Structures are given as structure tokens and as C-alpha cells.
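Heads up: the structure comes next, in C-alpha cells.
Chains: A, B, C and D, in written order; residue numbering restarts at 1 for each.
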Amino acid sequence: MSIAVAATQTIEHLDRGPLSKDELAALVARDIPQGSYVNLGIGQPTMVADHLGADSGIVLHTENGMLGMGRAARDEEVDPDLTNAGKIPVTELPGAAYFHHADSFAMMRGGHLDVCVLGAFQVSAAGDLANWHTGAPDAIPAVGGAMDLAIGAKDVFVMMTLFAKDGSPKLVPRCTYPLTGVDCVSRVYTDRALFLVGTEGATVVETFGMSMEELDERLDIELHTL
Amino acid sequence: MSIAVAATQTIEHLDRGPLSKDELAALVARDIPQGSYVNLGIGQPTMVADHLGADSGIVLHTENGMLGMGRAARDEEVDPDLTNAGKIPVTELPGAAYFHHADSFAMMRGGHLDVCVLGAFQVSAAGDLANWHTGAPDAIPAVGGAMDLAIGAKDVFVMMTLFAKDGSPKLVPRCTYPLTGVDCVSRVYTDRALFLVGTEGATVVETFGMSMEELDERLDIELHTL
Amino acid sequence: MSRAHIVTSPAEAVAGIEDGSTVLVGGFGMAGMPVTLIDALIEQGASDLTIVSNNAGNGDTGLAALLAAGRVRKVICSFPRQHDSYVFDGLYRSGKLELEVVPQGNLAERMRAAGAGIGAFYCPTGVGTPLAEGKEQRTIDGRDYVLEYPIRGDYALIGAQTADPMGNLVYRKTARNFGPVMATAARTTIAEVRETVGLGEIDPEAVVTPGIYVDRILDLSALASQEVAS
Amino acid sequence: MSRAHIVTSPAEAVAGIEDGSTVLVGGFGMAGMPVTLIDALIEQGASDLTIVSNNAGNGDTGLAALLAAGRVRKVICSFPRQHDSYVFDGLYRSGKLELEVVPQGNLAERMRAAGAGIGAFYCPTGVGTPLAEGKEQRTIDGRDYVLEYPIRGDYALIGAQTADPMGNLVYRKTARNFGPVMATAARTTIAEVRETVGLGEIDPEAVVTPGIYVDRILDLSALASQEVAS
């Protein structure tokens, strides 16, 4: 982990409910330092871009060979030669640069990106990540750039709901889904709480509409506070 | 070795003396197929360029990051940003391309150059090359790109005098100088004869002012004929 | 010898691709996908192919059509499963297609290694995951790595923007993706380009793929003019 | 955070370089040599340095002056011996300088590996030569390779042609050489450039070193104007 935590003690936001997807994206955006080089994973993480101020100086990387990626393309801006990692047409900002795939992943693997934001099926308290494969016997495996992103960025932020649809926690003592990376996640942003994770276990930074006590009851991991 | 030999039997040119440096350069140039990508080592091998026809379509590579290198720069053409591997100012031909050092040596190491022409202290009948270090105890070692070139090109041609100043042969059973590369040379162009070398030993293609018998007497290796 | 040839038909571009070849196919989704060359390869008929590409075909065209025609034995890719990858999905589920899933960066780096003469390399990606199982591992300076080997192509089919008579290529925006890497990793590289320009008309500082890596060029704009004329 | 800063003086450009640092220095001969930054480093005073560069200094200026000032403990390079490398020669012969000679391509590839997160790689260059002695070897697919490890820099000093406010760099002709590779391999990369241009004035297709690899930029033309003005 490279980015320091601003909070000095754990805060329970009890005067509100869980974060909406949009609020969650805003929370992640809040914690990305000005001028960072950032990769936003496919799906929900792309929403973070909408909350990065124009004056943040944050530069977006897309694995398919670009720094300086702009917002999604609209109408006549759509150019089939210019897409993001999710193959969605995007725009180019002034000062952008294009490069080929080996150079793009060298940039990731070499630790040059400051932050990568990914979705997840499960994260362990130690920072292991599972986000590429449900492990279902008939599932077709498809990894894309997930493993490269997981081990590459200086900070890997995960963005997810804290509980699966069946109510089971997705922040777990040990991932039961196939791993994407070992000990790679530094923060887990969820609708119910923000956690630091890693070799020292999980630390709660903030909760949203849930007390530490409730969190402690519903998770199977030891929780530390700031 | 990738380039086939045109001659069907060994020819003894006895009506003449040894090749001049210029004639030797012309001989090497004669054997480089049209359209080849070629790297010419520092020193004598650069003379080969003067004998490549303008319509040969041969493209010169220089290790310091260029394809499409032209002749040496004259007068106001001199540009300190445009030199060959010997740091001599050169010119750029239409259709040239520049690239950085890792890409330049990837091109060499990956076997994409057709021919490389190098000087040598010694070459063994098996194709081992010694051209970077005399092994003298007080010599400062300096290898540059010699080892990369030796193992990279599809064909490595050596250009040298057949005998050292003391009369000892430079085509030897086994190199006594420190090696640059093992089993890497395919042809040895000398003032006295042209040899194919490699795992099958040395084969004489042409002699210049010397008979096979004389050659055989002065060299300590077994000589084959075509 | 190895200078690039400008070919005049898709058939000529893919001539000689043998059964059993490993073919690297550029593109990330549709960006940079050499659609005309893939169609020509289907027409050409080579079978028992190993295809190396980021994806494994969409809908019913391009790579999906090649798969549907039964020409492919094995796919090496990072992301076969997409919302419209039903051709691949069906063949894979029925056991008619071998699949090697490779992390996207490893796919690129393994081809880069092939082109750069690297015998193998220690890579941190995938350590501790199912994709590293059975692979040699090593700890270097306290970090764990997996040993990865080069992926070489017999042929590469790539798409680019512009070629000159030397075979130098430039690409356009994120359509660059795998093209430059694949061009270095194949014995024979075949590029479809949107236009060709005269010698000296590509800035030597801006060349992305030097002509040394390109063997055959199919100019799609010339092809379009031919079709209009005929 | 990591965005490039345009600095206004050579002293600011090299500020903070610590004793004992490993410094990658660009250039091939004089082409691409960051002369102003090297002079500033001499002025700055850091000592016990390990210098990684293709050569080991010419005449009495630049790297040679840094060596002569006694600031360098070790040189890692491919070609120290030149007709006018007398400063290096003298220090080396008197045992005051450690030398590691590396084949030129391995020097570039080992720095590339550092920048690309590769733990080590099997390289065919140098097999069977004195420079492979003591190194781990392996035969892969019938060819022999030597295991080579990354060379990382604490700092890289490089020369380029043009920078924009993002830190994107382009180079000029063969002065490009080691600059782009070194920029990726150092914790802090410092570039001297001949000019800076406005945002959007470098073609995104022609960027050679993306700004992510550049930390500080010294604009030599601005420096020249300052000197004229003062």
C-alpha cells in the first residue's frame, strides 16, 4: 500500500443507510490522490471516472494501450478504433499517448500505475482477490487482464457490495473462489464499510449505516479499528 | 546458415594476388541477397556498404536504433543526433525507422536480421568467434554489441585477414582468445580465401592468390572443398 | 529476401498457410481485427490451426466463422467468454476445441519474448492462482514468479492503419493493441492496412512496426477501388 | 502524485540524489547524453554512485568529469574503452573503480525487465563466453541461455527532444537510444529536453515515452532564455 489513510480513527456513519453505487464510486474517487495514474476495471469501477474532478490531474490508463483516456464517447464521437478495456467507445484527452499491448502490460506489471480499481467476487482479510472465475464446473474460464492488474498497481482498490445476494459476506477469511492474485488488494470499498486489508488483516476505516458491532457479527473475520 | 552458396565447386583464383580490403568488401557485398536486412559491424565491415548497389534493396540496421541507415554524412549533413554504432555521423534514407535500444537488440536477438558482418581476431572451424577481447591481462574489457550481434543474425559473416601480422592463422581449430559467441559464424571472408564454417568444419569456397595445397599447409584445420 | 511485398488480393495475402499452423490474430474486440484476412483464411481452407488472439470470436463472423468452419484445433487467448461468443462456447463445451487461457499481459509478453529471442522469463502475474498450476516457480528478491515460455506464430494476421513500401506500419488509436507484438513473433507477418503511402511519407520517428517485421501487405483501399472498377 | 514536474534549474532537476544511488545515464556516445544533468550532478555532490550507461565517459567532460571527481564507485556498461576514455582507464587500472561489463543488448533488456516487472529472463547472448561465467544456464528447446536479472535505477538521467506538460517525451533520430528504456527502469526519471510544447501538441500516436515514466523535466531552451535575461 502506498497511499496513506487520512482518517485517524474509525468512523461509524450511523445516521444513514448503505452507500448507493454512485456514492460508492464517489468514495473511491475521493481517496485517489491528485495526479495519480489510475486503471479502472470493467463494470462498476468505470463509474469512478464520473467523480474525478476535471482539475484532479488524474490520468486514466486502459489496458488496451492508452494513457489519457477520456469519458465514454457520445453519438458522432464514437470511433471503433478507440475503446476502453470493456470494448466501449471512449474519447481521448489532450496529452494522451498510445502504445502496444506488451508496453501497456509492462507498464502495469512494472508497478507504474498508482491505483487500480477492480470489482470482486471475494476478497480475503489478507488481501487475496477472487474476481475472474466462479469455479462452477461448466463455466468457461476467461481472465483477460484481471491477474495482471491485480499484481501490478501500487494500490489495488476493490469496489463491491459487502454481501452477496444470499447474504453471505464477500470479505472473507479465505477466498473459496479461484484466486486472481495473492496479497494484492490494499483497500476494499463496499456499500457498508471501507476496509484496509493486507498481511495485518482487516481494519475498518468507515462504516455506512452499520455499526462496528453489527459488522463484527456478520463477518467471519477479525476486525481492527484505526 | 540461411543463405545458399551459389558456387557448385571450389574455385582457386591463382591468376591474382590476395584481395585488397576493398575487393574483400566487394566480395562480401556480392553474397548478400537483394532485400536483406543487414548489420555491418564497426571498422572494416562498414566498407561493405560502399559496394551495395542502390537497387539492391538492402536495408542497413544500426544497433543504436535505426533501420534504413544511409552513407556517412558529409559536411553540413553531419548531425550529432544521427550516428552509426561506431559513433560516426551518418545519413537517413527514405523509409527509415527509429527505435530504442531494447527494441533494437530485440530485433537482433530475435533473429530478424538476415546478415551481420563482423571483424574478428579469430574464428574456429566450428564457427566460434573471438572478436572482443585480446585476453591481455591489462586490457580493459569492452564488449559493446558484439556478443548480441554474434548470436542474433541468421547469417554471421566474418571479414578479416586470414593471417595475423606474425603470420599465424586467424582461422583456427579452437579460439585461444576469449569467445564472443559459440558456433555462430557461418562464413569467413578473408584476403586469401572464402570459407564456410560450422558444425561440419571449414569448407573452402574460393581462394585468392593461393592454392588449396598452400592453404592446407598454412592452416591447422582440416579443409573441405565443395 | 525478407522485404515486404504488397499483395493485390486477400487470397494472395494468406497463400501457403499450412494445416496445423499457429496463427496469431490481432485485435482487441473489433479494434485492430484483421477481418478481411480472416475471411480469406476461411476461404483458403487451412485447418487444424492453433489460434492465438485476445478473444475467441464474436457473433458469426471473423474468428467465430473460422471456428464454426471447424478449422481450429486450439485457441490460446485471455478472454474467450463474451456475451456473443456462442460459437466458441458451443465448440468448447462439446469438447471440439482445446483452450489455453493466458492472462492478457502474459499473452503479450510471451509473444514479445518470442520476437525478442528470450528463452523464458519469470513473471509475477498469476502466482498462486489456478493458471500457475504445474508451472515452475521461483522466488527472486523476496517476490514469487512463474516461469513463462515464448509463444511463436507461424503466421501473424494483423490490422494496421498505414503502410509504406518498406513495410513500415503505423496504427490508429487503441486499434494498435496486439499488432506490433504479433508482427515480431511470427515467421510470416501479414498485415491488412487501410492505406498505403509513398516511400518517406511515414515519419521515421513515428514508425511503430518497422518493415523488417512485415512480409505481406494487403491494402484495403486498393482492394475497394478494384472492386468498384470490376 | 506521480505527474511530471517541469523544473527551472539544473540544481532542482538533480535535487535529492542520495550518496550510494544507482543512476542510469542515457546516451550512446554524445547522442542523447544528458550533459546538463550530469554537470548538475557533479555540482550537487552525491558520491559513492553506481553509474549504468553504455560508455564510461569521453575526454574530460560529462561522465568522465563525474568519474574524475571521485563520485563513482562502480560502472555498469557495455563499452568503457574508447580512444579518449583516459579518465575511466586510469581509475580502473588503479583499482579505484569497480567495473561490470554487460553486452549492450543485455544492458538494455535488463533495464527493460526492471521497468516491466520481469523477475529474470533467459538470454542467449554471451553463452560460452567469459561474461556468462558463474551465471545460471539452461537449455530450452535445444538452445542454451544464461539467466539475466533486472538492472534497476534509483534515478535515470536522460536526454530527449521535446516534452509536453504531461511529461510525454519524443526523441530525435538515434539520440533516442537508451532513454526510453531507462525512463521505465528508474524510481525517479529526470529528463533534459531541448524544448517543451503545449498540451496536445505531441501527436498521441508518436509519443515514445509516456509521461507516467517521467518525474522531472528540465527545459534547456527555457534555461538558455533565463541566462540571456539575467
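Assume a residue touches a chain if its C-beta (ideal position, glycine included) is under 8 Å from a C-beta of that chain, and two chains touch if they have at least 3 such contacts.
Being a predicted model, the structure only gives us computed values, none of them experimental.
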Chains in simultaneous contact with chain B and chain C: D
Distance between the centres, which are taken as Cα means, of chain D and chain C, whole angstrom: 34
Approximate Å spacing (C-alpha centroids) for the pair chain A, chain B: 55
Where chain C touches two or more other chains at once, by residue number: 109, 112, 116-118, 123-124, 171-173, 204-205, 208
Multi-chain contact residues (two or more partners), chain A: 92, 98-99, 106, 108-109, 152
Touch-based graph of the chains, sorted into line, ring, star, complete or other: other
All pairs of touching chains, each written as two labels joined by a dash: A-C, A-D, B-C, B-D, C-D
Chain D partner contacts - residues on chain A that touch it in the complex: 33-37, 57, 59, 61, 67-68, 92, 94-99, 106-114, 152
Interfacial residue positions of chain A with respect to chain C in the complex: 62-66, 79-83, 87, 92, 98-102, 104-106, 108-109, 128, 133, 138, 140-148, 151-152, 178-182
Complex contacts: residues of chain C adjacent to chain B: 1-3, 112, 114-118, 164-166, 168, 184, 199-200, 202, 204-205, 207, 210-213
Residues on chain D engaged by chain B in the complex (per definition of touch): 28-32, 78-82, 88-89, 92-93, 99, 101-109, 111-112, 123-131, 144, 171-181, 208
List of chain C residues in touch with chain D within their complex: 109, 113, 116-124, 138, 140-141, 143, 145, 149, 170-173, 203-206, 208
